[in-house]
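Take a look at the structures below.
Next, two complexes with chain A in common: one pairs it with chain B, the other with chain C.
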Partner chain A sequence: MQKSSWRPWALLAPSLTAVFLLLLVPLCFIVVYSFWLRAPTGADIAAFQLGNYKKFAADFFYPSILLRTIRVAFETVVLCLLMGYIPAYFFYRSKTRHKSVLLLLIMIPFWISFIIRTLSWINILGDTGLINHVLVRVGIISEPLNMLYNEGAVLMGLIQYLLPFMILNVYVSLEGIDKSLLEAARSLGCTEWQAFREVTLPLSLPGVSAGCLLVFVLTSGTYLPPMILGGPRNEMIANLIFKRVIGTLDWPFGSAISVVLLTLLIIIIYTYNRYLGINQIFKSLQ
Partner chain B sequence: MNQEPNHPMVQFKGVVKRFDKLVAVEKMDLDIARGSFVTLLGPSGCGKTTLLRMVAGLEQPTEGDIFIKGRRINDVPIHKRNLGMIFQNYALFPHKTIFDNVAFGLKYRKVAKSEVKARVEGALELVRLPGYGNRKPAQLSGGQQQRVALARAIVIQPDVLLMDEPLSALDENLREEMRREIDNLQQMLGVTTLFVTHDQREALSMSDKIVVMKDGRKQQEGSPEEVYNESANHFVADFLGHSNFLNGTVIGAEGDATRVRLENGGELLAASSQQWFPGDKVEAVVRAQKFQILSDLEVPASRDMNSFPGRIIERSYMGGEVSYFVEQRDKTVIHAMSMVRTRPFRRGEDVVLVVAARHCRLLPKT
Partner chain C sequence: MFRISGWSLIRLYTLLVYIFMFAPIVAVVILSFNPQQFGSFPMQGFSFQWYLKLVQNEAILSAFKNSLLLGSLTAVTVTAVAIPAAMAFVRYDFPGKNTLNTLLLTPIMIPEVVLGVALLLFIRWLQQPKSFLLLLMGHVVITLPYVLLVVQARLVGIKRVYEEAAMSLGANPLQTFKEITLPLLTPAVLAGMLFSFTISFDDVTATLFWATAQNQTVPVKIFGMLRNSISPEINALGTVMIVLTISTPLIAGYLIRKFARGGTIN
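Entry: the complex of A and B
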């Protein structure tokens, strides 16, 4: 055992190298950049000053976008959980031999570009989109309903992007539950529903928490659904970063916002791990 | 517990179970007496587990009825059947403490808190795990976990204790210990038990009654002694212990025994439990343990002793006894087991296997 202790590291080396070069190094760049100064001419000047962070906190404009991002992320998590647990549970209980087909159906959206999928909502929800078109034709309404460019549309876009992650996470954890536990619970006097509450639900929590965390983090960092489906009031923090970096080419300020977001996410994940104790749940399952 | 004491605790009447086209259980009639320990024994896929699961309510019979205490329970849902179940993999709730695991069934029987505590502690004491209440299942060994499962099942005072291969996941030494523990507990509590296993030693040592099954059909039902010594057919004789099967034709009765001409030309005298007629095709069953192994020189000349000369072609030493494979002149091989004597026979040695007529049983050859 002692002799071959280098082996795991040798096997990990390629991925560790990739993580180091493609993730950690650029991350350091961003942190360094966030302290730089942007000259009026547009050139970036190497410096160490907190001007970018001060600008972020100067008034309530930027922090309010950050708060909105967190609120939308929470909403997305809750909706994904409600909408994802049920299909995951259905897959788990389904006796069909074609479970892999069902799972494949969940994966199919990933084969279509995220942008196309998001844009397609315009054709469904837009003023001349499918729903309005049908409703006007049938005569239920005379003026098209305003369904796009609000938070609801953004949530819709986020959910259709993130739901598969939730379903798969919950499903994997449900599938790991020994079915004889349910039989034991039933034989001891539980109805089907009580057995679900006593056994299935608590034992699926690791998957639920993993799914929630994943959805939360991905929502916090996404900018496409708010950009395509949201209005000016639905901007999220990633849109802000996008605008600073791509739009106004203000890399130092964009980096500073990124660092703020990153710090916030790290705090959230840390707290989550600490108090909800993902590890504890995992340990109890062994 | 004691209303209508005339009914068997569990009763199967013409129970059939089919999965699509596959027949898992075929026309099963079986009574399980109150307080008895009944074992369903058979190879995997013989339908024994399906039968148990139908009592539990985890499977529905396709045809026929199942009664518990004289009441038809086909349509009674699982949680209202008052049965204790023990699973091969223990099936303890990993997220609950040992106490909560054992208390689980009581909680759904609306037992008062104070009584729950007393009964759970009593049950844990019964399985020799007092003071383990606060631990989690993962902190216990396999044997301990199965004992907790046992406590969880008996604490609700079930009508029937259903055990599905409860010892298979344990290692050899532990299995023996656990076997005795289950046996003692069952005797002490007098709880009717239905036990499923493929292990004949478990079945023979614990049961009041053994039901040998194959391909969904009951092959034989009886006490361990009956199924072992008076196996009803080839399958049972072959499945339990080590049997030799010698084909032959009945020559005629000889006192209260029957003389048979064997296919290899020899003759055999066998105890006859039924009337045979000359010309009947039969199969003589001889248990490997019933042979006496002698060297050529010491063969007794007795008409009611059967002797089979041959040469040892294989032998395996198994501690208490030695297993010999003896090849006869016509190349057929007889398996004999004998206690280790002062000098075990060696491979290649010429020996004579001797067996008394009363140890040879005849079965009709089909």
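Entry: the complex of A and C
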């Protein structure tokens, strides 16, 4: 480690400037704008009033979208965990030579465009999609089932987007477990299942919780799967922001909703960091 | 006996998860060859007509050009910004180091939709029009944490002794970096560039806020084409994107390994 008073700051200057100007300052603007007024003509008027937040809380419509966002994010977390833990455990225990290929394979969806992955579910779930085609052909149903534009379809899109994050987080923390601990447990008479329950599972919890947080945060800020795969009743808070800002150009209200979303996430991340530490998350991304 | 059956269940489960992850992607590729007007099952033959249509579509070609340019510029800019920052965090000690390191990684945790609104609002307040520069700056912020993580991780693995040897032989810090550190860092730099290129090339959530009709990227174009139904043309475009985004890291991974063979001493 070198000690130099100015060198590290000179090295950090470009990145700190970028994050300051392109992230922190714009975020302050959102907060300031959320107190502004929108004139009936559509112009924004500088003001300090809580109208936008009152509008958000006024009737049940907006809070219910917030609650739905939390619920869907929670469902996505649980499903990703159920679908992700076992494959991660498989990679960890597998002795096959093709392990790196299998890991690479699960990373591939990471690289594929989010919008392509999202709309690809239309080919599977749509009225003329794969599942309906097969079911009709086999003769199980005569009319295609409606599988699109509901919460289930949205969840499919979300899981496919976020599962690699979960698998990777769990896998990284499993890989970090000292294998001699397992051998010790086995030699002391634990069955395979007991050794898993008493040693592997508890030691993998940091990765599990990091994966859960990441999935929750990413779900609550996304609008594409609800927009493409969901119906009007599946909109989440990010859809609301998108509509207000891109659709009706209502900047102050859009900003207020963004502040609400940001506050929710800050509370969650703060609580998480307080008890579990945030750095585990960044580990898996390396 | 239990062990074998338990393990095979785990294998089966993993296989099912793979199918879940890949079935929709495979369907996109298959349906892109469907000559039918509506991109749906059953297949009615095999044709390249939708690819031909893509090549003749000026708007899509220009979106491709934009995406490639934006991705490359993002990769170069963000790497140039991230390398010095990683050097500062790994090689120096200074007050507030951990806080600043976390600060530079926060863009990962900020929802892109909020980032999209925030930056757009800022630009509006500055009374600047949406431009290519806005897209570039936005993409730099989005990709910075990922590149920083990759470069930092690699830098930790490069032993200080090589740099110290160079210094003791009279090289100044800049020369040391250029002659010793940077060559050792090359694999991470390439990986970081690739990572940021792909993220930039694929990003849609924030980009939809920043893009204009003149500055469309491919995902934004796809979003525009997507109304109610999914056409075979979208499937074809999707296939092109899939092939591109899968082959780039594979080819680059091969190149990095080839590069690294000459340079790894850690």
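In this section, the second predicted complex is superposed on the first by the 254 of 286 C-alpha atoms of A that agree within 3 Å, B and C clash if a C-alpha of one lies under 4 Å from a C-alpha of the other, contacts with A are read in each partner's own complex, and residues count from 1 in each chain.
Here is the rule we go by: a contact is a pair of C-beta atoms (placed from the backbone, for glycine too) under 8 Å apart; a residue touches a chain by one contact, two chains touch by 3 or more.
All figures in this text were calculated on a predicted structure; none of them were measured in a lab.
Judged by the touch definition given at the top, the superposed model places A:Leu201 against neither chain B nor chain C.
When the two structures are aligned on the shared chain, A:Ile115 is found in touch with chain C, with no touch to chain B. Contact with chain C, but none with chain B, is seen for A:Ile86 once the two complexes are overlaid on the shared chain. By the touch criterion defined above, A:Leu261 lies against chain C but remains apart from chain B after alignment on the C-alpha atoms of chain A. Of the two partners chain B and chain C, more residues of chain A are touched by C. Once the two complexes are laid over each other on the shared chain, residue contacts for A:Phe29 go to chain C alone; chain B is not touched. Of the two partner chains placed by the overlay, only chain C lies in contact with A:Ile106; chain B stays clear of it.
Judged by the touch definition given at the top, the superposed model places A:Leu181 against chain B, while chain C stays out of reach.
When the two complexes are laid over each other on chain A, chain A has residues 281, 285-286 in contact with both chain B and chain C. Chain contact summary for the complex, chain A toward chain C: residues 1-5, 7-12, 14-16, 18-19, 22-23, 25-27, 29-30, 33, 83-84, 86-87, 89-90, 93, 105-106, 108-109, 111-117, 119-124, 126, 128-130, 133, 137, 159-160, 163-164, 192-193, 217-218, 220-224, 228, 238, 241-242, 245-246, 251, 254-255, 258, 261-262, 265, 269, 278, 281-282, 285-286.
Residues of chain B touching chain A in their complex: 56-58, 77-81, 83-85, 87, 89, 91-95, 104-105, 107-109, 136, 138, 149, 152, 156, 162. Residue ranges of chain A in contact with chain B, taken from their complex: 178, 180-181, 183-191, 194, 198-199, 202-203, 281, 283-286. Those residues of chain C lying in contact with chain A across their complex are 2-3, 6-7, 10-11, 13-14, 17-18, 20-25, 27-28, 31, 38-42, 80-82, 84-85, 87-88, 91-94, 97, 100, 102-115, 117-122, 124-125, 137-138, 140-141, 144-146, 148-150, 152-153, 173, 198, 201-205, 208-209, 218-219, 222-223, 226, 229-230, 234-235, 238, 241-242, 245-246, 248-249.
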